[in-house]
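Per-chain residue numbering starts at 1, and chain names A, B, C, D and E are given in the order in which the chains are listed.
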Amino acid sequence: MPPFPTVVPMSWYLILSAILFTLGAAGFLLRRNIITVFMCIELMLNAVNLTFVAFSHQLKQVDGHIFTFFVMVVAAAEAAVGLAIILTVFKNRQTLEIDEISSMKL
Amino acid sequence: MDAILFLTFAGIAVACAINLVLQTHPISSALSLVGVMTSLAVLYLLLGGSFIAAVQVIVYAGAIMVLFVFVIMLLNTQGERMLPKKKVMPVAIALPLLFSLIGVIATIVATQVPSTEVVKFGTFAGGDPLTFGRAMFTRYLLPFEVTSVLILIAILGAVVLAKKEI
Amino acid sequence: MPANFMPTAQEYLRFAPESLLILVGVLLMILEPLSGPDGKRKFAVISFAALAASIGLAIAAGMDPGPAFSGLLMVDGFATFFRVLVLGVGMFTILISTNYLKLEGHESGEYYALLLFSIVGQCLMAASNDLIMLFIGLECSSIASYVLAGYLRDDKRNNESALKYFLLGSFATAFLLYGVAWIYGTTGTTNLSAIRAFLMDPAHHANMVVVGAATALMFVGFAFKVSAAPFQMWAPDVYQGAPAPITAFLSIGSKAAAFAMFVRVMMTAFEPVKERWEPLIWISALATMTIGNTAALRQSNLKRLLAYSSIAHAGYLMVALTAHSEIGTASMMFYLTAYALMSLGAFAIVVYVARKGERFVEIQDLAGLSQRQPLVAAMFAIFLLSFTGIPLTAGFFGKFYIFKAALDSNLIWLAVLGLLNSAVAAYYYLRLIVVMYMQPPPEGAEELLPPTIGIRVTMLVTAALTIALGIFPSFILDLAGKSAVFAR
Amino acid sequence: MHQLWLIPALPLAGFLLNGIFGRKLSKAAINAVAIGSVLLSFLWVVKTLMGLGSMEEVYVERYFTWIQSGFVNVGFDFAVDRLSAVMLLVVTGIGLLIHIYAAGYMAHEGGYHRFFAYLNLFMFFMLILVLAANYLVLFVGWEGVGLCSYLLIGFYFLKKSAGDAGKKAFVVNRIGDFGFSLARFLIMVNFGSLDFGTVFAKAAPMAPEAGAGVITLICLLLLVGAAGKSAQVPLHVWLPDAMEGPTPVSALIHAATMVTAGVYMVARSAALFNHSPIAMEVVSYVGLITAVMAATIGLTQYDIKKVFAYSTVSQLGYMFLALGSGAYSAGIFHVMTHAFFKALLFLGAGSVIHALEGEQDLRMMGGLRKKIPVTFTVLMCAAVAIAGVPPFSGYHSKDAILLAAHAHHPWMYWVGVITAGMTAFYVFRAMFLCFFGTYRGNAHVHESPLVMTAPLMVLAALSLGGGYLDVPHFLEPMFGGGHEAHDETLVAISVAAGALGILLAWLFYVIRPGLADGMSRAFSWPYQLFYNKYFVDEAYDAVIVHPLRDGSSSVLWKGVDAGLIDGAVNGAGWLMRATGGGLRQMQSGYIRRYAAWVVLGSVVIIAVVSFWGGAK
Amino acid sequence: MNLLDILLILPAVGFLSTLLTPKDNPRLTRTWVLCISIITFLFSLLLIGPVLASPGRLALEGNSPWIEYPAIRYHVGLDGLSLWLVILSTFLTPIVTIVSWKYIQNRVREFYAFLLALLFGVLGVFIAQDLFLFFVFWEISLVPMYFLVGIWGHDKRIYAALKFFLYTMAGSALMLVAIIYLYNKSGTFDIPLLLDMMAKGRLLLSPTESLWLFLAFFLAFAIKVPLFPLHTWLPDAHGEAPTAGSVMLASVLLKLGTYGLIRICLPLFPGTARANAHWIIVLAIAGIIYGALVAMVQPNMKRLVAYSSVSHLGFVVLGIFTFTQVGLDGAVYQMLNHGISTGALFILVGMLYERRHSLEISDFGGVATAAPWLSTMFVITTLASVGLPLLNNFVGEFLILQAAVQVNFLYAAFAAVGVILSAVYMLWMVQRVFYGETPETVKHHMPDLSPREWAILVPLIALMVWMGVGSQSFLPPISANNAQLLQVMKQPAPPVTVLAAKESVHAR
């Protein structure tokens, strides 16, 4: 039983972000509801943000935060457009089943 | 103290994330995503990102997720029902992939990031609004301006796609 | 705290092309509600003029190269070349679009505004020297193109194309960002030149594994954007589903911009660790060519066939990147120009043949075109021969320079396999010629009206340029050669 | 200058005139052109020979360089020496007579002008062959006469058999030419020239080859050529079929002149053959075998022309025997006499056929002695000549040959004698079957017109008295004295053999008709063998022709070409399409699968780049 | 602006102007094209003088920069090797123009435009002195033929056209690699310059390098020749192409391959060429016999002639790879002969097709009675093609086989078998088509030669005789060039003395 650490190693944050990132990917691969899938992307972005913030703490810079900020803005924009697209899809097909959006193939 | 906070909220974040993936109904996924975001905000604080933490809660957990929930309500979709049709993405393929992904990244982190690097609350306060604002409006002026275009595009796109025929 | 945080006039000038487009875009948004249903034509004219003007501005900006906005932008020959390229592509896209939109009854200011904004993003991708700027530019162009891909929102194919493009695009972007994050963490900067400097420094060899991982993650993002194997799957579906003019825009403009940032990042930032990614791109290039060409053999849908062929061409371009030499970059720029010309022409003809609702996009719909519209058929034949790489067309010199660059860097096998690939490609291009020239027109086919002015201009101009570049390639090549030196 | 070129040029002119304008010309005009041109060239030959006098050395005329490249330098040159002088006279003389005869014989045939055009063309090439001063020009004539024989055999091209025969002749000759050409190339390489003069001069000082050297090879290849042209075993198969052509053609080309080209060529190359004992042996063997084989076949044939055809083959065998025994002059001598009586035989046969309105089967003849006396008489002259009855022409030449053979190998002499007996037998068999007994046919028989009989008479005279033109002596300076002691006993024996043959024929077909059938039944096995020409044709068909044709069709064309090579080519195409088909499966259209690909790709790439990438 | 530029410009202008002629007046188009092509032909005759004046060297050079990077020059030149091939091409163009006068009735403009484009391409190949330029024209010559076959061909035309195009593409792809590689080694595409550098030792290729380069070039040319076993595109292309197409294909396009061998493979890689001569010669001889045998059993006249081309071109390759003056002269001369006689054969077959609308031998018979002059011409051409003395092919075959004997007696022995077989298949076809009874189907569809057809055939027949008898009026410039080439290859031809020959014979 190793002694309980009082400070957190950098790597723990990174591992955490890795886990979240992978979970996002997992959701993308496993969920069939388009909106959920989209949310998983957001989760991945969050994971990335965590990495940025952690690194900027390590580097004692603010740039990481800035980047995070921009990611958030982009996420917002994507959310707006993405949800609009999902709306049109739903309007035309009455479904959010991602696997049914596969008329064009091969 | 750091460790406990980190572990707690990291735990919550992971738990919510897992829940997000496991839930079949989008609304519950959305809620768990909110959970992830808020707990991440705490971690940001631990990392000295006071401003970004605030933004995380307000913009992300607040605005964006609300938008999500709104749309989900609008479409009032049911949860994914278990359809008999063939599995497009067998779990048997997905899981090994994901584990190898996390595995690879984790190995790199574990082997490459020196363990001397530690995070201690308060050792870095560069994330306060002042510094942030300075940087944003000097070095990063241009991207900041361009993001306005980005938002414009988003609005325009939403209008184009969602407006009723005139 | 940087002292000179107030940008100088010069720096604004270097950002002038984008600013102009942004302003005009906003203008269009304002005009849109003010103009009646019949006043839509002026949007095309305005935005066309705007693009033309900003080409002028881009060249003017290119006259005195240098950084702008504290090194976030790097307006050099390379940037200028690609700016002009994407702006030009934008102009032709508008020429193709107008009549198409009229037929579909969706002519509106937003369309052009989005087009302009997307082009802004592409220009930024070409000009940015910092990962943040790069990212923003990329998102500008992507988000706008997501919308454009789904522009005809009542068309199922449009929706699907948009959704796929959007979901997969963001997914890939996440990977890209993750890579950026790692790079930032390792090097402490997002400025490409700074990253290069960091990597050059032998003191940092400890971090090389992390850098490698970051490079890989970013490669995923880039490869996705240029639709290189194994991340090319989205392209055929999206290209097939999107409105034909947008397909042209995506498969030419976006691709060119994506290649611009790809080259910029790889050659500027990661050049020091090239021995890590060179074999990677070697394989990816070969795979891309092979997938594109062989899969195209089996296509019956014109747009999808062109999509696969554009994947194959991405493969050739990757060959040039594999050469990672100045001549390689130059040849890639030349090839992109040639590719832009011939694809624009080809898509113009596709738009023309498809007609309202894109009902005629099967290869068989071309049957007997040489009798029904001899001029169009002849032009199409020229473009196809250029795709095939027959001499006296731009496509031939494109291939020639690329494979010469590859051989210069001793990539003999890549060159041989690539050329054999182009022999395979010949098959499906010739098949189109066969259908046009050697098969009779179908019974009772509704007759084809002669092409509208926009289509005709595009067709003729691009054809003329294709031939011109096929006979006197030096002009563009010299330009490319001069510009290539900056991306190092 | 004696303008030798005029000799062939005149017939050529005739050919062109008749060939191009013949359709519009009247028969008289055509005759005038055809016969006139030959007559003129005959006269020109005579004049030239007069002018040349004794011809101690070769007289050469050089016209122009034909082919010049590297060390190859071939001129288009003509030359005359005693050998070619003899041949010139024979060719033009006999040719003239046959032209005249043909004017009568072909009078009622279609394609009149075509016939005479071909005939003139033949004269042209034959004269080139004889006049040639080097092997290549010789080859021109050589191929040319082959071509004409092809055209003339196939003259009645509506009949399939005629076409086949013509093709057969050409192809078999081609096989001969194959040998001849190779020989020519070897000569060129080894002597650096094709000029007879140069080559023989270079060859003269060389020692005769003990083993099989290059010269032997050359000579054997030359022999292949000669065998093809002169219908020697095993290339004799074409000549009997060649009888499909009009009779004057058989007389001129397939009896008197062309078929003797082989003999002429070998004699011409004596200087080489003398250096290769082995080759000489082979020549004599080939000659002997041919003589015997053909004679035995001749015993059993019923088609009058076939009989004479095989007799021709057999006589040619004699000539080769002579050459092989070193008695070139004797060989040439026999060429001449044979030209006389064999031409006469054929023309006579033609006159018979003409009289019987095309009937050629001996069994449908008989008792024509009274009906067509002139023909009968002249044919008799020819018969006695060929049978070697002294003092007629055949007797002289054949004896010369047999004596030479005896000097060479005594046993060859005996075989030759037996053959002589058979010769006499089958010739007189034909005569008796045709002219004696009672007429078995039912045609309205009539004597041929003077235009046909006149040449016959001339030839008759020649066949009777021709033996006294002492060709051997004339040729001595060229081939050295090949003259052995004139051994009376040997001569007597051969004459006796001839006489015996005649008597047997008389017994079988006049005294006791039907005895022949008895004999044939008694010796049915050899009879069948002879009657079916030793089944040579069948053997060739079975062993060469069919395998070649079927093999190329089913194996090479359908198998290798369509199956193997195209299979590989199309296979490559198919492979590409298959690859495409496989890779397309990536494009399942399912977003989540695409995402899976992305993840997979990134995992692999990260691993590779970060860990193995540094390895380099 | 020297003569060669004009030579290239004439067909190019013709090509464009033909496209501009009115669509509804084919007669005008035909006449115009005929004028252009005759002018080009007459013009090309002007080139003879200068070439004869400077034997063995490039007469009439044109050399101006085209592309700065990589240094590609528009370098054209004419020497004894190119001269007759150029004239052959320009001579045949008016001929096939007349040939197609009636045969081509739809899309006349395009047809003649492509014809002139083809002429442009092949002329370019024959006079290019710069590897890159050579390649450019090489590819250009491909496209019009593709259209000629694909649009105006018979039933399986599309398959044939694609096969033809892809076969050649595959070969030329490798050739391009080789060309670029050579440039990277030497820094120039200029053939004379390359030769000079090699002579001076400033361009050294390792054995492996030169082997691969040689093979790359050789494959491209061998496909074009076509050398067994790469020949299978030929019967299809020939069988399906319209008469004019077959003629140009057989008479001119196939020569591009053999020309390339002599112009590029031999001088640039002498050592490698010698080292590999043996198997190449074996392939050539295999082609000679194989082509003949397969031709023998073809039921279709055009395919028969096509396979006979395989056989004849085998002779050419054999001659080339003897590396002797005689062999090379023979080879080049045989290229011309084959151009004339096989071209004439295709034309005659085309005439039969125009009458009977069939190419199957079995559909014919007894044509000789119906159309005697047509038959006569056909027989003469046939005899030329089987190599009868005093007709053109004989001279070529004689020289080639002579050279073969010089190298190795067995080569000649086997190759000569092809001569026998040629007689077999040709005469067999003649017999089946022209002799025998005339069936009704033929009798009424067999008019004899029309004046137009006389005009086509007479010059060809005349040439056959002239080239057969007066070879001296053609050979000297060729010989001079080949002597030059052998000089470059720096190897004395095998000696021709009795002793050496004895050895060579015993050596077997």
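Structure notes:
Note that a residue touches a chain if its C-beta (ideal position, glycine included) is under 8 Å from a C-beta of that chain, and two chains touch if they have at least 3 such contacts.
The shown structure was predicted, so the numbers you read here are calculated from the model rather than taken from an experiment.
Taking the definition of touch as given, a chain qualifies here only if it contacts subunit B and subunit C alike; those chains are A, D. Here the chain at the heart of the structure, going by C-alpha means, is E. A count of contacting C-beta pairs for D-E and for A-C identifies D-E as the more extensively joined pair.
Among the other chains, the CA centroid farthest from that of subunit B is the one of D.
Rounded to whole angstrom, the centroid-to-centroid distance between subunit C and subunit D, based on C-alpha atoms, equals 78 Å. Rounded to whole angstrom, the centroid-to-centroid distance between subunit A and subunit D, based on C-alpha atoms, equals 97 Å.
Here the CA centre of subunit B is 72 Å from the CA centre of subunit E.
Each chain gets one centre point, the mean of its Cα atoms, and the points for subunit B and subunit D are 102 Å apart.
Multi-chain contact residues of subunit A (touching two or more other chains) are listed as 21, 24-25, 28-30, 32, 37-38, 54, 56, 58, 61, 63, 66, 70, 74, 77-78, 81, 84-86, 88, 99, 101-106. For subunit E, residues that reach two or more other chains under the stated contact definition are 166. For subunit C, the set of residues touching two or more other chains reads 132, 136, 139, 143, 146-147, 150, 153, 163-164, 167, 171, 209-210, 213, 236-237, 298, 427. Contacts between chains, counted with the stated touch criterion, involve the pairs A-B, A-C, A-D, B-C, B-D, C-D, C-E, D-E. Partner subunit C is touched in their complex by these residues of subunit B: 104-105, 108, 111-113, 134, 137-143, 146-147, 149-150, 152-154, 156-157, 159-161. Put simply, subunit A touches subunit C in their complex at residues 21, 24-25, 28, 34, 37-38, 41, 44-45, 47-48, 51-52, 54-56, 58-59, 61, 63-64, 66-67, 70-71, 74, 77-78, 81-82, 84-86, 88-89, 91-93, 101-106. Of all residues in subunit E, only 163, 166-167, 229, 231-232, 235, 290, 293-294, 296-298, 324-326, 329-330, 366, 368-369, 383, 388-390, 395, 398-399, 401-402, 404-406, 409, 412-413, 416-417, 419-420, 423-424, 427-428, 431, 434-437, 469, 471-472, 475-476, 479, 493, 496-498, 501-502, 504-505 touch subunit D in the complex they form. Touching subunit B in their complex are the following residues of subunit A: 4-16, 18-27, 29-33, 35-36, 38-40, 42-43, 46, 49-50, 53-54, 56-58, 60-63, 65-66, 68-70, 72-81, 83-88, 90, 96-97, 99.
Taken in their complex, subunit C has these residues touching subunit D: 163-164, 167-168, 171-172, 175, 208-210, 212-213, 215-217, 219-220, 223-224, 230-231, 233-234, 236-237, 273, 275-277, 279-280, 290-291, 293-298, 424, 427.
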